[in-house]
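We call the chains A, B, C and D, going by the order they appear; numbering starts again at 1 in every chain.
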Amino acid sequence: MIIQLETSITSEQKQHVIDKVKEAGYKANPVITQMGEYLVGIGKAKFDIRSIGHLPGIRDIHIVSDDYKLVSSKWKVEPTTIDLGDGVKIGGGHFALMAGPCSIEGEENIINTIDHLKNNGIRIMRGGVYKPRSSPYSFRGLGIDGLKLWYQLAHEAGIKIITEVMQVSQIEEMVDYVDIFQVGARNTQNFNLLDELGKVDKPVMIKRGISGTIDELLYSAEYVFSAGNERILLCERGIRTYERASRNTFDINAIPILKEKSHLPVIADPSHGVGIRDFVEPVALASTVAGADGVIFEIHTKPEEAFSDGQQTLNYWESARLIQKLNHLASSKELFGH
Amino acid sequence: MIIQLETSITSEQKQHVIDKVKEAGYKANPVITQMGEYLVGIGKAKFDIRSIGHLPGIRDIHIVSDDYKLVSSKWKVEPTTIDLGDGVKIGGGHFALMAGPCSIEGEENIINTIDHLKNNGIRIMRGGVYKPRSSPYSFRGLGIDGLKLWYQLAHEAGIKIITEVMQVSQIEEMVDYVDIFQVGARNTQNFNLLDELGKVDKPVMIKRGISGTIDELLYSAEYVFSAGNERILLCERGIRTYERASRNTFDINAIPILKEKSHLPVIADPSHGVGIRDFVEPVALASTVAGADGVIFEIHTKPEEAFSDGQQTLNYWESARLIQKLNHLASSKELFGH
Amino acid sequence: MIIQLETSITSEQKQHVIDKVKEAGYKANPVITQMGEYLVGIGKAKFDIRSIGHLPGIRDIHIVSDDYKLVSSKWKVEPTTIDLGDGVKIGGGHFALMAGPCSIEGEENIINTIDHLKNNGIRIMRGGVYKPRSSPYSFRGLGIDGLKLWYQLAHEAGIKIITEVMQVSQIEEMVDYVDIFQVGARNTQNFNLLDELGKVDKPVMIKRGISGTIDELLYSAEYVFSAGNERILLCERGIRTYERASRNTFDINAIPILKEKSHLPVIADPSHGVGIRDFVEPVALASTVAGADGVIFEIHTKPEEAFSDGQQTLNYWESARLIQKLNHLASSKELFGH
Amino acid sequence: MIIQLETSITSEQKQHVIDKVKEAGYKANPVITQMGEYLVGIGKAKFDIRSIGHLPGIRDIHIVSDDYKLVSSKWKVEPTTIDLGDGVKIGGGHFALMAGPCSIEGEENIINTIDHLKNNGIRIMRGGVYKPRSSPYSFRGLGIDGLKLWYQLAHEAGIKIITEVMQVSQIEEMVDYVDIFQVGARNTQNFNLLDELGKVDKPVMIKRGISGTIDELLYSAEYVFSAGNERILLCERGIRTYERASRNTFDINAIPILKEKSHLPVIADPSHGVGIRDFVEPVALASTVAGADGVIFEIHTKPEEAFSDGQQTLNYWESARLIQKLNHLASSKELFGH
C-alpha cells in the first residue's frame, strides 16, 4: 500500500494516518523524496482503502500487490522521465545514448571522446574512474582527480557524465562531479550503498546483478527510492549463464518485462551484454526495438589499446554507424512501438 | 578440411584423393548430399592444400578450423536459402514467418488457422502432432492421422507445414506429409534421429537444446549435413537459466553469433523464448532486428482454451498486429541491416 | 491416485473400478508391470477413496499429490531393491559399485577390466558400445558385436553389465546382452525411448538430463514405470552451470532430495559429476555419505590412452583405493545413516 | 612471482630487490601482513628466479602461474591454520563447527544458543546483526548494540563469534566485538570492503558469491591477503542455478577444488547450500567427507518462529544429532582421508 501525502499535511495529520495504518496491522514506512512524501504500508491483512481515503493530508492511495512498491507500475502508471538539465532527458519517450571508454584513461582520451560524442549528437558520456577488478593487482582507475578533470572538460562541452560509485565513502567526494551515479553489477545488492544513494539528489542507474533476477533489480531500486531518491534508471547488462560463446547472455526478455513491471526507464548495455565487438550493434538495435529507453556502450579510438574491455569496445567509425542506426530506428516507432 | 568434389569425379579419382588425405594423417569422411559430394578431412596435422588441389575431380578445398565443418561459414560464405517450392523461401534475404497452434487440435482448429494465415500472407504453418510431454499422462498429440488431414488441408490452401518428429520410426510415415521436419529442444542431441534426418530430402529445423550451447547446435546441424541433407534451419528458442520471470531466457546474442558462424538460416521462436504472451511481440521484433531470417510463433483462436502452451500463445488479433510489424520491420533493412 | 489391483481381479471388476474412477472426474490409466497391476487416476477433483475402497479386486488405494505418481515415495514407502540375480542387488540397503571404461575398446580392455573388478569385489561393469558424441566424426563405439563379446566374457566371470541404449531400434538387439540399460543424459527426455524401455523386463538406469531438473528425472522414470517396467534406477551425474573449474556441477543436494521424493535407488556418477580425475574420489565419498545407493565411475589401465573421457578416468590403483574407501564408508552407516 | 622477505631486510635491500624485479619487466606489489612481508611480482616475462635468489633480505621465491598468488597452494603447500585463541583453531587438521541463528534476535536467543553450543562442545557461534535483505522493508538486524551484548555473553562462556560485516564504516565499530568477520555472498566482490578487511588483524571468512566462480572467490581472498591480512577462510554456500527443488545448488566439487588450489581453510554452509531443513544433515556430512575444514549451520529453538531463514534452520535436537555425527565422521579420517 502506497499513501501519497499532500505537501501541506501537518505532522498531527500525518501521525493520525500512521496510527490508522498501524491499527490495520500494517507497518508504516515514511518516505520523503525530492519529489514528494509517501507512507509505504507493509502487511498482509485485508485493507479497505476507503477507510482512510477521506483523511486530511492524503492525496492518493494505491494497493500494490508486488513486494516492491514505489518502483512498481501498479502504483505509477506513467513512465518516469529523468531530466538531467540542459535539455537532456531519459525515459518517458526520450531515447538516450551514452557512450565512452570503459576506463577514463587521461586528458587526451577524454577530449577525443567528447569530440566524437559532439560530432554524433550524443549528450551523455560514460567512463569509469573507480574500477571494480577481479584481481587486486589490476589497474583500478584514475580516481577522484580523474573525475574532476573529466567533469570539467565534459561540462564545458555540454556533455553529461555517468560513472560508477563503488562505496559509500566515495559518494560525498563524487557528488558534485557526476550527473548520474552508476551502481555496478557487483554492487546491485550492496544495500548500504543503495541506501546512501537514496539520500542524494542525483540520478542513479542500477545495473542488474551478475546473476541477479529481474525482481532483485527492482528491489534494489526500491532501496534507493524508499531512502529518498526517485530518480532511478534500470540497466540490463547480460546475465551469467553456461553459454561460453558470449561474455554474458543479454536477457532481451528483461527489457519488456521491466518496462511492464516498473515506471522507471530501462537502459540496455550491449557491450557487457554480449561482450564481443561485432555483436554490440545487433544487440543494441534489438534492445531498442524491444522497448529500451536508451543504450550505453563502450567506445575507444583504438579499442585494442584500451586499458580494459577492449574486445567489446567499438572504434569511432563503428560507433558513428551504430548511433546513426539507433537514432533512425528509435525515431521509427511506428514500426515497432508497443 | 572440406574437399568439394566434381560431380564428374570417377571412383578411381575419388579413391586417389582419399588416399592422399589419409597419407597426410587425416581421416576422410565421404559425404554425399542432395546438392553435392564432399570429403570432410578430420585431423590436426599441418596440411598444404596445394598438394592435392590440382588432382582431377576436385572442385574446391577449404581449411575449416572450427570443429564443425560443413555448416561453417568459413567454408561457405554465402548464406543458404531453403526453397520449399511454390515461391516459399527462407534465408538468403527471404524473411519467413511461421505460425500455428502448439498442438494440432482437429479440423476446425486447422481450418481456422489456415484462414488466418492466408488473410495475413503467411505461407508456413506450425503445429505439433507428436508432442513431447514431461508427464506420460498428458495429451501426446493427434499422431499421423492428424498430420495427414492437416497436410491435405494446408496444401489445398497453398500453405507449407512444419512439425516435430520425435523418433526415427516416425520419419518414414511422416515424410510425405511435411515440408519441414522440426527437431525439438529435447532431441537436439538425439544423434540417431539427426543421422536419419540426414537421409531424407526434406528441410530440417533444429531447435537449440534446453540448455544447449551455440556450438552444440552447430554440431547437431553437422550431423544432418554430413549424413546427406544440406537443407537445415537453426532455431533459437531460449535457454534454461535461473531467471524465473520468464519461461526461458531468449538468447538474443545467439542470433548474430549463429549468423556469423554458419551459412544456415536462423529462425527465432519468441513464444518459447519468453513464454509470456505480452512479451512475444517485442522479442519477435528484436530478433528480426538482430538478424533472424524468420520467426516462428504460436497462435490460437482462444489461447486460454488451447490444448497446450496457452499462456504464450497469441490470439488472432495479436498475431495480425505482430505480422504487420514484422513485415514492416523486415522490409526496412536500411534501418538496421548488418 | 494409485489403485493397486489384485492379480485375481476379473475384467468385469476392473471395468467397474475404471467406471467409478471416471465418474469421479478422473482419467484412468491402466498400468501393467512385471510386478503388478495398477490404475493411475489423473484428475483434480476431490475424491474420497473410501467410496471405492471396498470394491472387489482392489488391493490398496493411495492419493499421491505429486504430479509423478508410481515413482513417488508417497505411495510406496519402502525403498525399491533392484535384483540382478546371482546375489547382485542395488538399493534397499544394498550398496552397489559399477566401474569400467567410458567406451568398450576391445577384448584386452574388457579382460583387463574384468580382472580388476574381480580382484576388488565389484560385480557390475560399465562401458559404452553406442557412444553419443557431439561431433559426427568422433568414434561412436564398437556397437552390437562389441556388446556380445563383452557380455560373454563378463558373464563367464560372474560380472553384470550396464550400457547405454541410444535409440528404440537398438533395444531388441541389445536386450539379451545387457543386465541394466542406461539412458544417457542427452536422452533423459527421449520419451519414445523411455516408453519402449517400459516394455522390457531389464532394469533401466536413467541419468539426469544435462540441465534437467530433479522433477524431470522423476517424470522420466514415471514414463518407464507407467509403460510396464518397475525396475528403475536414478542417476545424478552433475548439471550444467556457469562454473568452469569442473566439467559439471555435481548436485549433491539431489541425492537426499531424490531419496525422499522417490522409492527408487539413486546412483552417483562422480566421473561426469566433476570431470577431473583427482576429485572423483572425494565426490564419490560425499555421495555415499549423502545417501546414494551406489556409485558408477570410469576406470582404465592407462587413462591417458582411453578412447574417451580420459581426464576423468581413474587408473586401477586409484580405483582400488576408492573401492576400499567406499566399502569401508558404506559399511559404517552408524556414522552418517539417515 | 612471490618473494618472501626476511624480517631483517633493510629498506635499501628491499629497494634493490624491487628494482631488480622491475628491471625484469614485472610490477612489484609490496605486501605487509601480520605474519610477514612479501613482494608480489606481476608480469608475463620469462624470469629466472636464480638471478635474484642470492640477494640479501630474501627468504624465498616462488613462481606462481595462477592469476591469484598469495592464496595459492603453488606457493604455500602446507594448509593454513586459523588460531582464534583459547584453543579454538580452524584448518590444518582442526575441524571446526559453527552454529547459531540466522539473525541474533535478543538476549534470550543468545543465551539459549550459547547453552546449546556448550552442551555440545561447539566453540564458535554464528549470527547476524547486520542483515542484507532484498527488501528495504524487512528486518535488518539488531546492529552494533546487539553485537556488543552478544559478544559479552559469548566471551563469558568461552564462545567465539562470527558475524557479517556489510560495509567499510562498520568495521571500526565492530572490530573489538568479533572473532571472525564474515563477508556475505552479495559482497564477495565488494572490493573496497575486502581491501579494508585486509587492514585489520581479525580473521575473515569470505562466502562464495551468489553465482560466483571458484576463481573469483580466490581472487577476493587475494584482495584481503594482499592488503595485509593472511587469516582468511573460504566458504562454499551453494550457487544459483536453474534447479528449484533446493534453494541453491551446493557445489560439492568446490570443496576439493578449493583445497587443492589454495592453502586456506574451506568451510561448508549446508544451510544456505540446500536451504531445506531435512537435507542440511546429509549435505553437511558429505562436505566433511569431501574435505571441508568445518561446517557452519543455522539453528534455533523454534525454527518456525525464527526472524529469518526458518525453513533451513535446525532445531536443537536436530543440531545435537548433526554435531555428533559430524564429530564422529571427522574423527574417522581413515575412512575417507585424502
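To be clear about the criterion, a contact is a pair of C-beta atoms (placed from the backbone, for glycine too) under 8 Å apart; a residue touches a chain by one contact, two chains touch by 3 or more.
These numbers come from a predicted model, not from an experiment.
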item	value
Counterpart interface for C-D, drawn from B-D, A-B or B-C and sharing over half of its contact pairs	A-B
A-C or A-D, whichever has more C-beta pairs in contact	A-D
Chain A and chain C: spacing of chain centres that average the CA atoms, whole Å	50
Approximate Å spacing (C-alpha centroids) for the pair chain A, chain B	38
Separation of mean Cα positions, chain D and chain A [Å, integer]	33
Residues of chain B whose C-beta touches two or more other chains	211, 215, 240-242, 244
For the chain A and chain C complex, residues of the former touching the latter	211, 240-242, 244
Chain B partner contacts - residues on chain C that touch it in the complex	27, 29, 40, 42, 67-68, 132-137, 166-169, 186-187, 189-193, 195, 209-211, 215-216, 219, 222-223, 226-227, 240
In the complex with chain A, residue positions of chain B that touch it	211, 213-215, 239, 241-246, 249-257, 260, 273-274, 276, 278-279, 281-283, 285-291, 325, 328-329, 332, 334-336, 338
